Each structure stands twice: as C-alpha cells, then as structure tokens.
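Next come two complexes, and both contain chain A; in the first it sits with chain B, in the second with chain C.
This part shows the complex of A and B:
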C-alpha cells in the first residue's frame, strides 16, 4: 500500500498542472503580502485626526451655543454631544500617552454609545461612512454589526489583560492578518479550487498506463483510498506551507501576534450585544482547518465519484468549480430564519465567515455554526460514499483502474 | 484538404469536453429562467425602495444641527432633498397610481437633477452616498429613449427580450474562460494521433486554418442556436417583450440607446471577433507551452491581470487584457470599471483584429522554424 502511495505522490508532484497551480497560489500569496496588505486600512482604525475633529466640532458648538429658541436639531445635539465629548477627551489623552488599555476601554464605550444613538435615530445620525454605498442595501445593520463587533473585541482585550498595541487593535499582526484572510470569501474558495485542480485527473490519468497501475496488488476501493490520501496530503502540505510563508513575511512588518488574542464571533440572529462573544485566534484557526479538511475530503470523494461515472477530467474541472459557487444561487439576504440554508453544505464553504458569524449576520440566522457545519458536511460525505460503493459494484466502472 | 476538414469536424464533435461545455451553457440558460423570478432581477419597485433608503441615509449624513441653521454650508443639501422628493413621487406613481409613464418621466427628471448635482461637486461630500455619474448618464439616456419611443418601462426582467440580453451579458463575463476551456488543446490534441495527422498532405498553417474555421463556426453556431432555443423556451414563463426595447450601449461619443435587435447584432459581431482572437491566442499558448492545463492557467491569469492591474496601468488598453469581457465593453461597464473612457465597441474590434494578426505572425514564425528544423533533420539523415 505504501509503495502505491509513494508512486501516486510522485505522479502528483511531477504533474505540470499541479506545479502551475502551486506556483499561481504562491504568486497570489506574495502579491497579497507585498501589495494588498500594506495598503490595508481597517474601517475601524485608530484615527487621531478624526477623533480630534469630532471633539473640536462638538465642543466648539456646545461652547458657542446661545440657547435662544431651541430648534429640534439643537435639542438633539444638546443631549447627544456632552457624553461623547467626554469620551473623546479620554480617547485623545490615551493616544497622547500611548496608553492603549485606556484607549480600548474608552473606545469600546464610544462604540456602544454611538451605536445606541445611531440605531435608534438613523434619521439624524449615521455610522462610519464606509458602511454606506450604492450597493450596500443594509447600511444600518452593517454599521451596527461592526460597531458591536469592535466594542466586544476591545473590551475583551482589556479583560484578558493582553499587551495592547495599535497593531493588535487594528488586527495587523501576522496571526490576525491570517484570520482576516480566512474571513475573506476569496481565500477559502481558492483553497477549494486548489483541491479541485489537484484531484481532477487523479483517477482518469491511470487510463494512459493501465498495466503499471494494475501491477499493484490492491483492491479497487483501496486504490481509491490511497488516491484520496495522496490528494489530501499534497493539499495540506502545499496550503499549510504557503500560508506559513505568508505569515512569516507579514510578521516581519507588524509582529507575529499571539494565539490567545481574542476575536469576535456573532451567534445571531438579532443584532444585540449579548449575541456577540469572543474566541481566541488559536481556536479560530483550529476550527477553520478542521472545517477546511472536511470540505477538501468531500470535494476529493465527489470528484472521484464524477471520474468513475463520466471519466472526463474537463467535466470534473467544470463541475468542481461550479459546485464551489452554488451558494450564489440561493443566497438572499436574511432568509436564514425561515429556511433551511443552514443544512446545505455549500453554505459552509466560506469557512472564515461561517466561524466568525458573519454568515449568520448575512442570513439573519443563528444556526450557521461549526457544529452544524460539520454535521451537514459529514452527512453529505456519507451520501457520496454510498454512491461510490454502489457505483463500484459495476465491473465496467471498476475497469477504469 | 477536404478530408482533413471532415476529420477535424469529427474530432470536434467527438470531444466529450466540448459536449460538456455546451451542456453547461444549456444548464445556465435554463437556470436563468428560475433565477430571474427568484432573485427578482431588475425589479423597479425594489430599485425605488433601495434608492429611497439610500437617499434617507444621505440626508441623515448631513449634521442636522448645522444644516438646520445654516443650509449654505452644504450647497448640495438642497439637491439631495429634491432627489428624495423625486424618488418619493416615483414610488407614489408606481404603488398608488400604477402609472409607468409618469414613473419614466420622473425618472428622467431625477437622472438629470443628479447630473446637475454632479456638476456642483456632488461627490466631494462623500462619494459613498451618491449615485455615480456613469449610472446617472446611463439612466438618463435610457429614460429619454423610453419617452421618445413612447414605450412603457418593464417592471422587472421577466420578459423574453430582457432575458436574452441578461443571458448574453452574464455569459459574456465567463465567455473568455469558456473559449479557453474549449480551445486549450486545439493543437496539443494532435499529439495523441500524430500518425493520422501526418498522413494528410497539408502543412501546419493549412491545418491551423482548418481548425480555426471549424472552432469559430461551430462555437458561434452552437451558442447562437442555444441562445435562440433559450429565447423560445423563455416565452413559456415570461412575456414576449419587444425587440424594440431600448438598451444602453457605450460608444466613442458617450452613452447611446439602441433597440434590442441592434444590440444583439452588435453582440454577434463582437462575439465572432472575440472568438477568432481567443482561439488564436490559445493556439499560440499551445505552441509555446505544449500543455493544455498550462494554456488554461496562463490564459486565465490574463483575466486575473485585468482585475488587478487594469485600473492602474493605462497602457493595458492597447492589449487584449482590458477587453476580455466583450459585452462589458459594449455596454460601458468595462470603461467605467477601469476608468478609461476610450475603451469602446469599435476600439475592441480593432484590438481583437490587430492582436489576431500578431498571433498569426507568431504562429507562422514558429511553424517555419519547426519546418526548417524537421527538414534539416531529414537532410542530415540522408
């Protein structure tokens, strides 16, 4: 069995297509590290100028206000401004003294206070401008999500007694950057794409040299298991090492960070502060890797099944790439509460967004979690396995290898 | 030559990959029939509601305590209020009176008021809040054409002519990858049966010409056939619509409204040029790389390049990289996205044609090199 494993692994490494995919992946990582990431500006950044502006504008207005004939706008400002001026004063002092613990405490308070006011009177106030736009249909929900998210995160930093630096607050350290990358929708999709590219010809290539393959004294099912193991190994080694390269390169710029840094998770369904909690970055990585490996296994077995049935690698490529994007077909914002999207495996392909709860926020659901994702994916794997067993009973299909 | 033609046609038909690709197009066309009602594509009621929300958010982004006492500090504030009022009357015309004519004429007024506000420096306040200039231009042309031709605006995309246009534009964004998949082994597949190929008394350029003819004709004919079938099928769930319905395209002189049938004719012309161009590109990559997957990857990285660099490097407008989505070029989406006003329909035809000649040159050089080396080998053997 191990001889066959090594034989297959060798074929895998020497395959030009796989090599090209790995190089493409590496280039994309380098592009991210050297071009995209340095210009990263978080929506909730530490912006002294902006705080100063808000502070100046409000305190100036309060000082010069004469109090003749209260307009509705003035009444509003008189009750809204004073606490904000105080909080901003604390924030500015903290920045000047480089006391980021005090800054985090005050900023968490600032986010909660602002969110409360803006969400209850959106006709007068607005969230951070970044959440508004022509394509953004739910700016208030988006603003509330990120304000509460940031407030929870900042409070957790203070509670855990971490050493807080601007890089940690803006999620710039290597480990936090990695978590942000998982949280984007493109990275998990690219990883699944890599699995697809690796596995499309793993069965069909044998048809070119049947005599060599048949010389191994293994049963049909055993051969398929070995092939699965080979793709899974190659995929894990390639993705982990490229990810590690990326982490190390980023850490030269902003420091490595620590696995115990908390990050926010949203349980849904409604946007309230008690539905936000934090987990450590380390746990987040463990969960994402676990979920990703199960997804990779599902895709490999699915593509093996397709290879047995259709015997064409282009078909595998097409169907594999199509399946990655199936979520787009049924995605409608906020339908999660009324439907069973949380049982469909394709809802979990965007691993990072599932684990951080952003998927819950988009679907307005509370069921899209690690546990239910595992349940749904393993259920699908069982279905695929049953099909593979059924299909391999036919002699004509077993004749492929 | 004719026998070789027949042989190539048979190869094209027997290639199971091609069958799968066209099956994929069929599934896409059928899927779109369900997708349009499910996602309520182009629903004008939804659109008005969304614009109403956006404009409310825009109003609330002005600091209320300043605007109330000193409106002069924000010159565009009045424009935003007017915009909000116009969208409000659009909603009233739609929901209370069901008056599509009124909706269109208010829409025209709205688009023109936005254009005026843009002249005042609408976006200098915060561009996240405002409808972009390009969209306002497009909408004003669209509403004007509807008014001039006295046509009723469509409530949503559930009409066959709009279905066809939507299908064309959606498919266009993957058309390049589709063609690459189709042609990625255009020359390398001959390696599998080189003895048969050598039996035909023709040289390599003649063979390439034959392949080019077959690939382009077969692809265009099949796709046109499939889309026509999709159109006929869409008559069952949807209204027929009209082939005179205006569609906005982008030309050298700005946005312009043409009828749907004109739009489809232009699509056909640009698709033929694009198919010839991409087939030749795949042939060049095939000769240089000698591997179908490498052809596929390198071809797709061109697409990736256009996403990453087209906004930054203006010279890419002289390469095919900026023109990989033909319908995006036709309707102006490409020139808007890449911020280059000179990317338009006629320019795209020139670029496809010109670069096809370059590819032909590369191919003929590589063929003559190969020919010479094989002749030298023969002479050396004697």
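This part shows the complex of A and C:
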C-alpha cells in the first residue's frame, strides 16, 4: 500500500488544479501578511490618546463641578467618574513607564468597571463605538462579550507572570495573529475549501487509469483508504507549511510570541465573567488542528462517497462547497438555548470561533465545545463510513477504481 | 496454473463468450486471435475480474479464484495486465510507473534499471509520460509488466505502435519470459509475429474457441504440411491429374495443405516433383501459420 500511497501523492502534487489551489492559498496568505495584517487595528487597543481624553474629560468635570443641588446626571457622574479617573491615571502612568504588567492590571479593572456600568445603564453609557456599527444588531452583547473577554485575558497575562508587551496585549505577535486568523470565519472555511478541491477528483480521476488501478493487488476499501490518507497528508502539509510561512513573516514584524500566552474562551451561555476562562495559545492550536483534521477527514470521506454515487467532480465541488455553508440554513442568533445546533457538525466548521467560545456567544449556548464538536463530527463520520460500506457492496460502484 | 472454466458472458442479447475453457501451464504463451469485437479483450477483462462472467470461473493453481475480496487480492498478486496506453499518468514519469509496479508486486525496485536498459528506455524514462510517442508508451506499458514480474501476464495488443526493431525487442523479451516459466496470454493482430513465440493459438468465433493450435514437438510433426498456393480452379485441375490424400485441406481459398503424417518419405518426394512438373514452384513444407488460419476462419 505504501507504494500506491507514494504514487498517488506524486500524482496529487503534480495535479494542475491542486497546484493552482496551493498557489492561490499561498498568495492569499502573503496578501494577509503584507497588506491586511499591517493595518490591523484591534477594537481594544492601547490608545493613550483615548485614555488621556477620557481622563481629562472626567477629571476636568469633577474639578469644575460646582452645583449645589444634584441633578440625576450629576449624581451618576459623581459615582461613575472617580474610580475611572483613578484607573485611567494608573493606566497612563503605566504606559509612560512602559510597565505593561501594571497597565494590564489597571486595564482589566477598567474593562470590568466600565462593563458593569455600561451594561446596567445602556441608556447613558456605551461600549467601544466599534460595536455600534451599522451591521451590528447586538451592540450591547458584543460590547459586553469583548470587554469581559479582554478583562479576562489581561488578568491572565498578569496571573501567569508573562512578559507583557503592547504586541501581546493587542494580540499582534505571530502566534496570536495566527490564533486571530483561526478565529475568523474565512480561514477555517478556506481550509475546508482546500480539502474539497483536493478531494473532488481523487476517485473520479481513476476512470482515466482503470487498467492500471484496477489491476493492483489491493482491495477496493484499501484503495479508498490510501486516497483518504493522500488527501489528508497533502492538506496537512500544505496548510501547515503555508501557515508556518505566514507566522514566520509576521514574526519579523511583531515577534513570534509564546505558546503559553493565554487567550480567552467563553463557555456560555450568559455573559457573566465567571463564564470566561483562558487557555494557552498552544492548546488552542492543538485543539484547532485536531478539530480541523477531523473535519478534513469527514469532508474527504463524504466527497469519496459522492464520487462513488455520482462519479462527477463538478458535482463533488458543488456539494462540497455547499456543505461548508450549511450552517447558514439554521443559524439564527441565540437559538442555541432552544435547539440542538451543538449536535450538528456544520456548527463546528468555524473552528476558531468554536474553540474561543464565540459560537457559544452567537448561539447563546454553552454546549458548543471541542469535546461536543468531536462527538458530533465523529458521529457524522461513522454515518458516512456506513454509507461507503453499503455502496461499496455493489460491483457497479466499485468499477470506478 | 491458470484455468478458465466454462466462462460465459453476454452483453444484452449478444453472447460474446459461450462456455470458454482452457488451461495454461507455466512457461506457456497463448495467443488469442480473432477479429475485433469477438471476445478476446472480454476474456482478458474477465480473467482480471474487471468484468464478471455470467457463468464459469477463473482460477490460479486450482486454489485461488474471485470468490472473496481476500482471494481477489491473492489473484491480483499473481496476475498483471498490460495497461492501456491512455491509462498511463501523463504528468508522471515512466520511472514512477515502473517504481509503482515493482513496489506494488515485488516490494523492491532493484530490477527496474535492467528492465529500462533491456527495452532501450533510458533516454526517456524519467520524462513525463505526456511527452512520449506511441511506441515509447507501449514499451513502458510492457516494462511495467516486467517490473510487476507476476506469474501470469495478460497483454492486449502489446505490439501496437511499435517499429520493427521494437517488435523484435519485445518478442525476444517474451521468449525470455517463457523460459522463466511465466504464463502469458496475448491478444494480437500481428499473426506472423505470434507464431514466433506462442505455444498455442486460440481462435475465437461466435463466442467459442474454434481452433486451438499446439506447438509441442509431437504436435509439430502432426501439423506439418506440404503447402502450395493455388486458386480454386488450379486446385480442381490438379485434382484431375493426381489423387490427393483424403486429409488434404484447402485453406483460406488459396492454400492446399497435404499433411506429412499421412505420407511416406518417397511420397513426399513424388508430390514435390509433381508440383515442379506442373510448373508450380511455390511449394513449402511447414505448419499452417496463424495468418493462414485467420484467413480461413474470418475472411
């Protein structure tokens, strides 16, 4: 079987469609590294001007307040402003002294304090304006999610006694940039798309080599296993290599970072601080890779099944790409609390958002996790395997290879 | 070694093979001869299990058959099939193809270089197959079988697209394979060429084996003839002058064949002298060739 594996791998590497997909993926990575990422402005950035402005406005108001009778607004400000002035003063001092540990401690406090007030008084206060865009239907929830997320992360930096830099705080180091990329919707989808492109002709191409392939002293199932292994290998090598190239290029600009840097995970369902915790970037990568490999395997076997039934690579491409986006069919914000979307495999295709808990946030769920994702995906794989075994019993189906 | 037992195959109403049976022994090359569409390739495909027969069975060593998935693998470990030229991988080199076959069947690649050299492939074998001519591809396909080195080899039109030098090259290789004890089934239209190495020729017609010629020593004597090319009118005229032996055959509308086994030595001389006296000089002694039988059966 090893001979067939190496031969198929060679054929896959030399396949023009696959080469084009790899080049496209590489170009997209380079575009991200050199065009998109340098202009990255995190919503929660270290913005000395903004802190100073808030500090000046509040302290100026407090210094100049001379009213005898207290208006409701003044009463509010008199209780809201003073702690913030104090926190912001600490934050500004920390920035001036480049003491980012102190900055993290104060900023975590700032996020918690602000969140507490804003969430309870949204009619007077608002979160970062980034969460109030025209396409943002849930600004309060988004604001609270990201404020508590940031507070948890900043506290964890301090608790773990890490060397903290602005790049770490703004998640700009190479490893954190990679994690942000995983957390986007597009990257995991693009990876699954790559699996689909690699898989669509892995079986059907054999129709052009029947007298070679069918004479091998291998069973039909063995041939399918070899093909699965070949696509999985090619996908893993290509995606890890290109991802590593991206990381190395980003590291020249912002440093490589550390695998022990914490990142926040939201357990759901309600937006309370005790539902946020952190895991290391290293663990996040391990879980992402694990989940993605299982998803890749599922797609490969599913497309092999389609190849056996329909025998057309264009159909495989269409069905493969369609399946990637099946979550669109049932996604409604917050329905997780009332339904079992956590059991559907397509809920887990946005790997990074699953692992960071953003999917829990979107669905208002507490069940969308690495473990349930594995359970759902492996269950689906078993169903696909049963179908492959069933259709393979027909010689007319097996005649394809 | 290889046994084909009562194999029957029909495509719809058309019965292509009707209970075809034969057995091949180690060191035997069997030629399959018939016009296109008369079941030669179907038979080879059934032997490989690319097609399932409606009835009958193919076995190797009386032990292995296509009775289970495990046995199919065991059969294919002992069988190899000349790949169709269009089935080669255009983007991969010939060497990769040879490596695949050598590793797949033998688990090692030591024998590839001698094969490449013996078939004069060294100058092109590392280039992609897409750049090969028909003859280069044909030699590669044949080399793949040599690399697989199975006990039984099936070849459909192995000489296609080859120039005379390469036909000779492959012919010599086939004779060498025969010495090594391989069983080789060859469907071919190069009939004179088949006579050079085939031990038996199976002529197919209407789904049956119409004639099976044998080339062993005893059979050679029994199948040796005085052969004279004559048209029907000339033959009839000669029959009026001298009575021909009863088992004389008139083949393909042009060859009179008098079997030697029915003649005494003096009678052989008499017959040759008779033809010379009639001004007929194209007299030969030999077997009836495959091409002549082909003419007889199919034209």
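Quick note on the criterion: the second predicted complex is superposed on the first by the 401 of 401 C-alpha atoms of A that agree within 3 Å, B and C clash if a C-alpha of one lies under 4 Å from a C-alpha of the other, contacts with A are read in each partner's own complex, and residues count from 1 in each chain.
As a convention for this text, a residue touches a chain if its C-beta (ideal position, glycine included) is under 8 Å from a C-beta of that chain, and two chains touch if they have at least 3 such contacts.
Not measured: the values here are computed from a predicted model.
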Fit-or-clash call for chain B and chain C when the two complexes are aligned on chain A: fit
Which partner does A:74 reach: the first (chain B), the second (chain C), both, or neither? first
Just to be sure I read the superposition right, which of the two partners does A:219 touch: chain B = first, chain C = second, or both, or neither? second
Identify the partner contact of A:139: answer first if only chain B is touched, second if only chain C is, both if each is, neither if none is. first
Mind working out whether A:21 is in touch with chain B, chain C, both or neither, as first, second, both or neither? first
Please work out whether A:211 is in contact with chain B alone, chain C alone, both, or neither, and reply first, second, both or neither. second
Give the angle at the C-alpha centre of chain A formed by the C-alpha centres of chain B and chain C in the superposed arrangement, rounded to the nearest 10 degrees. 80
Tell me which partner A:315 touches in the superposition: chain B (first), chain C (second), both or neither. first
Name the contact category of A:389: first (chain B only), second (chain C only), both, or neither. neither
When both partners are placed on the shared chain, which of chain B and chain C touches more of chain A: B
Just to be sure I read the superposition right, which of the two partners does A:129 touch: chain B = first, chain C = second, or both, or neither? first
In the overlay, chain B and chain C get no closer at Cα level (Å) than 12
Of all residues in chain A, which touch chain C in the complex? 2-4, 6-7, 10-11, 14-15, 208-212, 214-221, 395, 399
Quick check: in the complex, which residue numbers of chain B touch chain A? 16-17, 20-21, 24, 31, 35, 38-39, 50, 53-54, 56-57, 59-61, 64-65, 67-69, 126, 128-132, 135, 181, 291, 293-294, 297, 301, 308
Listed in rising order, the residues of chain C that touch chain A in the complex are 48, 50, 52, 69, 72-74, 76-77, 79-84, 86-89, 91-92, 96-97, 99-100, 103-105
Note which residues of chain A are touching chain B in the complex, please. 16-17, 20-21, 24, 31, 61, 71-74, 76-77, 122-126, 129-130, 132-134, 137, 139-140, 310, 312, 314-315, 317-318, 322, 329-330, 332
